[in-house]
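Chain IDs A, B, C, D and E follow the sequence of writing; residue 1 opens each chain.
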């Protein structure tokens, strides 16, 4: 039997029910760079880290900054929590799709037993005209049972309302730390598969990182020699028909931003979700890097969902 | 892009659905000092601290004291728990708006794992003719997941019934103590943003305090040189379009009361919520300080919501 | 402003909705000693302590003993759990009002983390023709969040069905022990206020006791010089418009029983709830002490609810 | 006042609603030995202990053995879990009443914090044509709050559907071990009362056992001199109008089986529930001992419910 | 009384309601090897172990591999989680029956307190056209109370919708390790009975293994001399009328695969569920071993359900 590579996966849209298909098409083709790519703007750092992320660019403390940026620079969607969605999105409704993040937490307590409770519902997303819902799953956390049970309710509501489900799939917790760490190839690969099996339409992943702790990962990861490109390819393949977007994390230099964009697209991924790398810049600089990311996305795209 | 300062934020009322707008207008313009300001009387110390707060002014032990004070001195609203609302508010219905506090707890157990369970509902508030609902959120508590899940149900009901949501946003718990403490600028700033992102229409905050423990806060707070005025400005800005009221805490001298009132208003805040500072005084003295607070509010107001 | 003393509180009945008013009037005026007083017979020791309380008067082991006593001696109401209510109350329906206790527990485990789960509902009380519902709240327990959340559902159902709510308000748990103990004036005073704020129509309290541990209570309780009469007065005042009944506890001598009865009534309380002090006596002796309690109640009453 | 002894208790059936009365009459009069007695066959050892109990009589491993025994030897009812009820009872429906046990657990974990979750509902019992429902309550367990809350839902459904409620009332957990142990007279007496107060129509109890640990029981149990007959009498009296059946436990000699049967009946109990003592015997021997138990039941019966 | 051996058990289908019967007949007779046998393909290793199981045969990482294999090689059913069912099953609907697994978890945390939360519902299974539902029960886990309560809801929905219930019955947790371990004959025998009593139509078991730890099992297992064949016979008998399928576990040599298949069928079991033993092979090799398993199944079958 011939098996398809990640870039040859069957069209995701073809497998989706009408509501999900209609909404997801908006993100993939009607807004943002289009051509089946995704450029997402996350603005959830205010709750996940607190306002400290806004100091490098004080203008970014006002959510208007990110909302206007998403609309004017042409993003596929903007991801935020319920408070921002209710108080800032109305002015931009119809100008940029909304991805409502339904869970979140502060980073004050440690992450050894991570769990992120829902603060909003898929119904909220429907009411606000959102085109997708976001959920953070802490893969391998000691509290995974609560997490999976909670995700189930979100996934069921997404099926009910035809709302695309985006899973922020993050390995986390005391036990993953003992098996190579939350950014290991093993951990990210597991997270990709887990999100797909739990019903994600889109999976948000962090870039895998190699380290000395990899030897604590289960076989065969503990003795594997693999390039970053190949690891990304594996990770995207593990997500199967679910689309993959790569997360940016804290601010890095421009070339790394573009290089990562190219790598995820060439591996069959569908896009990127860069927050601080974009809005921790002054307005015109932000527009400029967005333009370059878009060009890279479009020139690197390999898979049409 | 030009970003608005805290005092130039877009009108909150303009973003609210009719029920919230109608009710919030009562607090901001029809009762109390008006002109978009808020003067709130909290009477929840009986459960949060026990009757010990009433000894300095024995008359205050009878809830009639605070209810009559709120009505006669002209408050924007009176905040209390369900028992007082059911047994004392009827006589004052229509004379002063009711802000029903829906959660609360005693201070007998320590606060390392703070969580305050709901003892009343938004439906109770609707039934009692309240114009707002209050919720205490312990930002960063080890039990934040339960807190955020519970807040979600209150927020959803507020959206459903058009009830303004006031969040008492208090950093609390063992981990915030390790990062500078519950009154640090870092903690209060985080609390302001968190409440806004969770859907608060009004955020109640404590005054940030500088201390040696600030060096344990995350960057850039750990090395920041900032005046109290600027810190308050930052905190109010972090709350975005949500209105901010400053909490008084235990009784301080008159000049500090008025100075704090002026500072929060000039920073773009909308008002104050002073309890013990007011009702731990004999009747005529209470009326006198209220009058001076009102004057300060009206002379310092910078932002019309 | 003139504030009313505990004995001058506004009529509770006047603030109650029709269902609560109709039912509570039965207890206060139609059954028992009347004239606004309460004489309650508790028969929940069988689950709270086990059958050991019945040995001093073996006849009391048969619930018929207490039911017949309540009916024949003329009690305001009899308080028991669902099992007794279903199997013994039918024969006495209409002869003595039923106060259905909806939570309870054994005393086998220690009380450092006390919580008493509901074993019956307000709907059960309605179905059985009860005129009031009883709930035990462990004020200050480490599990207060569960307790308050559970009480909320009972209180809401009481509001829905017009059922008077009686709160057994007991300070309890490891932390109250560190602050003066569960019977300290501080603890009882807190419990009185807490029950009132949580929606009690009637508050059941234990008699405050002075001890060396009082110095561990928060200020000003730790340094207070106060008579027992004044302490009772304070406690009753802390309950505000909620009516107060004093609990008897284990069996004491007759003069103490009557003295306590007099003290609570003169302080503005509404009655007593004596169990073992009554039914641990042989039938004719029980009738005799009840008669003397009734006389004391009627001769000491100061407040008409 | 004259109080009735356990054997003179008022008719239970007379206090029951029609559904409970109709179903309970089947067990007491229409099936089994009749004349108001109960002979119950428990077949829940397969989950409570695992298949190890079936080795002494391999034929007993097939549930058909117990079902056929119950039907052919003429039992009042057969008690089992949902799986057996669904897969084996259909062939015997109408031939022997079904008592559906709605909770259960393995004995793999220790019993210091015993709690037995429901695996079936009263609705299941109604659907399967059962005539009673069984529930195991661990009296005094550290998890008693969960147990009582769960029992409440079962009891409420029993009231709703007119289904007799049988409580397996077992003292259990780390704290009862410190107060004389789970089989002490104190513990069994408490369990009898507890079950009755929680709404049991029938209480299943273990035989009390005297031991050196009795001195750790609360007064007056710690210093009591009492015969086994009197202790059983006390226990039955503590259950009041609820009927009592004695549990057999592991296999003992025939004379003990019959002696215990006689003792419980003469004390006012209603019957026995013997499992291993019966079906750990070869078929004809089982029929023989059942016949002798029946004779003993009928010759010892003192109370007609 | 004559008791039936495991291979002579009464027809399971005859005891089932129409929905269960219709669906189960598809698995037993219409698809796969037929003649009342079961050949199940599990593809849940991606979440239970992560993608590491796919490296021996990289083609197996694409779920298409297993889905196509199940359809083309003629399986009785394919077992997978909701994500695969939604995104891959549509292309194979009607070609191979779907067994929707409704719970699952990662193996990142240790298994001392195993519990697997539901991530899908029986309603999902109905919606997707599944013919059976799978549930993993961790027999004897410290969290067995949560597990049994959750299983109850699944079992009830299976009864409601006529959906056959397959229980993956796995002894697990810190206490089973102290009593001989999770693969001991004692543990597997207990698991077989438990699943049947909890309502399984089909029980999935691991092969029992003898070891030195058996002496820690309860009597009589601790001193038992028994052949593997007899142990399997006992285990199948413990499942009573529920059908038994044997699990394969990690990849072993071909002769062991076929030997185990023969042993379970001859003991009265109904089939096998082999995953890695099949799809960790190249396509043509996989087809080949499947063919040999089928032949063995059909030549060894002893019981027609």
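Keep in mind that, in the parts below, contacts are C-beta pairs under 8 Å (C-beta built on N, C-alpha and C of every residue); 3 or more make two chains touch, one makes a residue touch a chain.
All of these numbers come straight from a predicted model, not from anything done at the bench.
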item: Contacts common to subunit A and subunit D (chain labels); value: E
item: Contact-graph distance - origin subunit B, target subunit D; value: 2
item: Subunit C and subunit E, separation of their C-alpha mean positions in angstrom; value: 57
item: Geometric centre distance via CA averages, subunit C-subunit B, whole Å; value: 35
item: For subunit A, residues contacting two or more additional chains; value: none
item: Graph class of chain-chain contacts, one of line, ring, star, complete, other; value: ring
item: Complex contacts: residues of subunit D adjacent to subunit C; value: 1, 3-4, 12, 15, 139-142, 144-146, 148-149, 151-152, 155-156, 159, 171, 173, 175-176, 179, 186, 189-190, 192-200, 218-221, 234, 237-238, 240-242
item: Complex interface listing, subunit A residues touching subunit B; value: 46-47, 50-52, 55, 59, 61-65, 68-69, 80-84, 86-88, 90, 104-106, 108-110, 115-121, 124, 283
